[in-house]
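Each of the two complexes below includes chain A, the first together with chain B, the second together with chain C.
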Partner chain A sequence: MNALYSLLAVLALVLAGFACGQGAPARMVLATFVPYAAFAALLIGFCWRVARWAFVPVPFHIPVTCGQQKSLVWIRFAKIDNPSTRWGVVSRMAAEILLFRSLFRNNRARLSGGRLILGESASLWLCSLAFHWTLLLIMLRHLRLFLEPVPAFVNALERLDGYFQIGVPPLYFSDVILVSAMTFLLFRRFRDPALRYLSLFSDYFALFLLLAIAVTGILMRYFTRVDILSVKQFALGLAAFRPGASQALSALFLCHLLLVCALAAYLPFSKLMHMSGVFLSPTRNLANNSRSQRHINPWNAPVKTHAYVEWEEEFRDKMQAAGIPLEIENETEDAGNARTN
Partner chain B sequence: MPETLVQIELKPPHGDWRDSHVEFRKGSICYSAAPKNLTALGLPNPRAWQPLDKDWKLPPDWKRIILDGMKERLDKYRSFRLFMDICVRCGACADKCHFYLGSSDPKNMPVARAELMRSIYRRYFTLTGRIFGKLAGGRELTEDVIKEWFYYFYQCTECRRCSVFCPYGIDTAEITMMGRELLNLIGCNTNWVLEPAANCFRVGNHLGIQPHGFKDSLDFAADEAAEITGLDFHVPINRKGAEVLFVMPSADYFGTPHYYTLLGYLMLFREIGLDYTVSAYASEGGNFGLFSSHEMMKRLNAKIYEEAKRLGVKWILGGECGHMWRVLHQYMDTMNGPADFLGVPVSPLTGTVFENARSTKMVHICEFTADLIHHGKLKLDPRRNDRWIATYHDSCNPARAMGLLEEPRSILRAVCRNFHEMPENTIREQTFCCGSGAGLGTDENLEMRLRGGFPRANAVKYVKQKHGVNLLTCICAIDKATLPTLLEYWVPGVEVAGVHELVGNALVMTGEKERVADLRGEPFPAEAYAATTANEAGHA
Partner chain C sequence: MRDRVWIFAGLAFFVAALTCPAWYAVANGKASNKSKPPNLELPANQKECVAPAGTMRAAHMQMLIQWREDVVRHGDRRFVAFNGKVYEKSLTRTCLGCHNKEQFCDRCHAYSGVSDPYCWNCHNDPQTVAGSRTRSTP
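This part shows the complex of A and B:
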């Protein structure tokens, strides 16, 4: 049901995009107002969400350690998976963010004949990694539309991406990988009963939306052959705050644009915020040094404790009978001492 | 009940997880906390009730209390707010939970357990949830949700295995801890957690053993150690001016097989002439506050530093215990420090400075002993442990909240000759929980414990069949208390022991009498016996 609703929501966006292509006023709104509104929502929403997290204190030092601690000098410790220094944390976070270290550990549990078998399972890690890296690559490639002259690294990426010169225009491998990886992630949600059980509207919506963006983009590049010059003119205009809605922009392009704007505006309100949240995760971004350096809790409130004195008072007789040393010797003796003094 | 525990099958789940109705069954729940324990700790809503009752007698404004409590915690714990927000439901954690693997209940997937809380968070604390409700993954907070929380947050052992696999490090233990804190606010707690906490608060340890009883237990252990070795033993209690305060979980002086570990400690301390004391006031290393609330954790933990200060010791040594070390390693210094009245721990024999405990001033006994053995300060005869073919179970908290992995292994390699590891993805940071931690180790919960213990037992069974393993060593009091039952059910013929029990067996003490039996009273294997005799003869 969640999958269906989110598919319908994305289809509605696609239709709205095409519809905008038909009438001049709608075109105008979509090309001049919507991108700015969406970008503003992204910027403000993103900062707001990150600030919400950042201003909440980290009261306790709770890293999850995934390797040997640094203790005795003769024991080799896991510098990355159980970092003890700031640099160790930087490498752990880098491994997490650039290589999806934790996901790499993934295995799959299977029960067979009353035995539990934990098998290798790299597909989730591989497809997630492929998806995220190609998405980044594609976004960087899009810079050529917004910048004049086009930076050398963007050109280099483009050459690399179309290295094998298959077809005209050359096929970008990132497009193929992105769509395949996303398709895998989507089918995984449908196929795996446990995941299907868990998946929410937003899980499907994000995937469908990204897929729709990718598909409209691919259609423009390889099939309808969008007028790239007018697109670039439009993009440069947007970047220079001189937006214009040229008649040369196709309905397909406007559809692509609307979907991208929808994604940008939706992002701060969604789980896609994991992209910034991962940096703040206290189980990953703290060094395992809580015994060598004191971690401060800003709201460390006093609590009611059972002080030694009260405790001794309660068990005084029993302690005395058992011969356990007392802090305050028996009162009668004290009184006696006082008198003799 | 254990007889009817069927073959576990991972069945595909049906229905919508947001349906909050839970069938409470005997064998898979812990009973409610007795009102006297709530009163003793000053907790809200003490009353007689049971989870199986229809009416839980919640306070009239329970909903407001929960939502206010959530808001307060969302503003106090970044972990909580972040983990409510960033999960993408990739499902990598799903089959990592021992309770899911053992029960096939889909709500035991860590992601689902967290969603039970997240759905309420979305509905009441996010813009999209307030507007779109169910479509945005929200749901109404009802009494059924509270019951569901109770069921599933007391079906999580806070072992953090799922967090190891999560690409964002989302830690279900954090969510479970928040869930239990919130439930505490309206008086929904379990007796197995609160009675030990109340005892620990008032008397000093979970079992409520009073100072004279504490002394009796230790004197008894000293006598037994004396009988085994022919040497005299004395355990100092509340002795001022000792160099080291030794804190152990109370099970060590009251439970079996913990007790053999205690004998091991005592023999070790005597042999190296450690200037130490134990305390009847801080007679508990474990901290059931961790399973109740952060505040309770701090209240119970405060005793250790207070006592160290009063006794004027230089540093603190801690015994074998799992969650105790979670608190000591990650919380104690922050909560009750700074311990500036103590010195940086230094081993009196080897001169090793424990730099890793520079601030907290508390050293794990495995770190201490591993250092002694590495420097050749102990005379060990590993043949005395030849009747054991041992494996090592990484206890969750020392593994995933400290990274104490090699220290116990290096000890084991020195004190016994037959040691085999379980499969890679069931040990070290990927270790499987015993299924009874975090205050679930009570008998009324036995079925769920057996289910939760299945993945661990399965790995033990593997090494039993492959290498003939007959001993599971570990460094956690809850493991020692609950694994024997679990193994008896799943892998009969494998016993459980603490690492220092094996140290005690292997330790050749200066001037000891001819030892013929191990700490359990079982005769040493013939070869070791012969060797000991030869040694004695040599000395003579």
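This part shows the complex of A and C:
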């Protein structure tokens, strides 16, 4: 049901995009007001959420690690999976953010002939890695529409992506990889009953929305075609705060635009905020040095204590009189040398 | 506490990256001029192309690849345009007979970030090769 509702929500957006592409007033609203509103929502919402996270106290030292901790010199320890220094943490975070290290550990449990079998399951890791990297590549390539003159690295990315020069305009491999990876990620949720039960509206919505963006983009590039000249003028106009919608912008382009705006406005309020949250996970970004360094909770309330030494001091006379053995036998002989067992 | 500096530095970096088109326009000066289209030199000798301007802008690359297919694989060089006019399917003679590669093709490709298409692996530009039409003019 969640899948169906989110698919319907995305389809409604697609229809709205096409409908807006028809009438002139709707085109104006969609090409001028909507992008700014969505972008403002993205910027303000994003900053607001990160700022709130920045002020959340992290009183406890709680790294969650996956390797041998640093202890005695002759025990080899996992420098990256169980970091003890700041550089170790930096490498661990880099492995997490750039390579999805923890997702690589994903495995599958199944019963076979009454025995539990744990197996490797790299497909989720591989597909999400492929999806995220190609998404980044596609967004960087889109800079050619927003920057004038086009920076050399954007041209280089474009050439790399269309390296095999298949078809005209050249097929981007990132498009093929993105759509295949997302299709896998979607079907992964459908296939496994347990996962289907766990999947929420927002899980499907993000996937369907991104898929719809990719599909409209691909239709525009390889099938219906679009006038890049007027798209670029439009995009540069947006960036220079002089928006204007040319008649040459097709309904499909406006649809692509509306979907992107929906994504931008939705992002700060959704699970997609993991893009900044991953940096702020205290279970990942702390060094596991709580054995070698004492971390005191700075918010600890002062607690009134009365240790045994103090207690013995208080009742020394009475204990001596009653013949009860004392930890510190004679105050004058070994003063302050509390013996502990 | 100590980490707040890093968090806000990261946030500032993200915001700067997201708003880079606006800064880029300012940095390159004359933000007002930049959204003007490139100055594309139009042919002086012709009023009309082989298809309406809108179609040419959006889909000339598909037409060219179709022409290549027709000429190289099927030996078919006759192109009947939308208005009934007949053209020869030839990049060098028909397209570049009117258009200037550098002031038309290249300018717009640079503007829209299209890397040099591989047409020029075989074709030369008749206007820079100083009248010589000795090399490949398929």
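FYI, the second predicted complex is superposed on the first by the 299 of 341 C-alpha atoms of A that agree within 3 Å, B and C clash if a C-alpha of one lies under 4 Å from a C-alpha of the other, contacts with A are read in each partner's own complex, and residues count from 1 in each chain.
One rule holds in what follows: a contact is a pair of C-beta atoms (placed from the backbone, for glycine too) under 8 Å apart; a residue touches a chain by one contact, two chains touch by 3 or more.
Predicted, not measured: the structure shown is a model, and the values here were computed from it.
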First, second, both or neither for A:Trp53, with chain B first and chain C second: both
Touched partner set for A:Arg191, first chain B, second chain C, both or neither: neither
Which partner, chain B or chain C, touches more chain A residues: B
Contacts of A:Arg86 with chain B and chain C, given as first, second, both or neither: neither
Partner chain(s) touched by A:Leu280 [first = chain B, second = chain C, both, neither]: both
Chain B versus chain C as contact partner of A:Arg115, first or second or both or neither: first
Contact residues common to both interfaces of chain A (with chain B and with chain C): 53, 280
Contacting residues of chain C [partner chain A, same complex]: 1, 3-4, 7-8, 10-11, 14-15, 18-22, 24-25, 28, 31-32, 34-37, 54, 57-59, 61-62, 64-65, 108, 110-115, 117-118
Chain A - residues contacting chain B, complex: 5, 49, 52-53, 56-72, 74-78, 81-82, 84, 96, 100, 102-103, 105-111, 114-116, 118, 124, 128, 188, 192-195, 197-203, 269-271, 273-274, 277-278, 280-284, 288-297, 299-301, 303-308, 311-312, 314-315, 318-319, 321-325, 327
Partner chain C, residues of chain A touching it in the complex: 42-43, 46-47, 50-51, 53-55, 143-150, 154-155, 158-159, 162, 165, 167-169, 225-230, 232-233, 235-242, 248, 276, 279-280, 298
Residue numbers on chain B that touch chain A, as the complex places them: 7-10, 12-15, 17, 42, 74-79, 81-82, 85-92, 94-96, 101, 106, 109, 111-112, 115, 126-128, 135-137, 160, 163-171, 174, 201-204, 210-212, 215-216, 237-240, 280-281, 294-295, 298-299, 302-303, 306-307, 310, 328-331, 333-335, 337-338, 352, 354-360, 362, 367, 370-371, 374, 399-407, 410, 423, 425-426, 428-430, 454-455, 458-459, 461
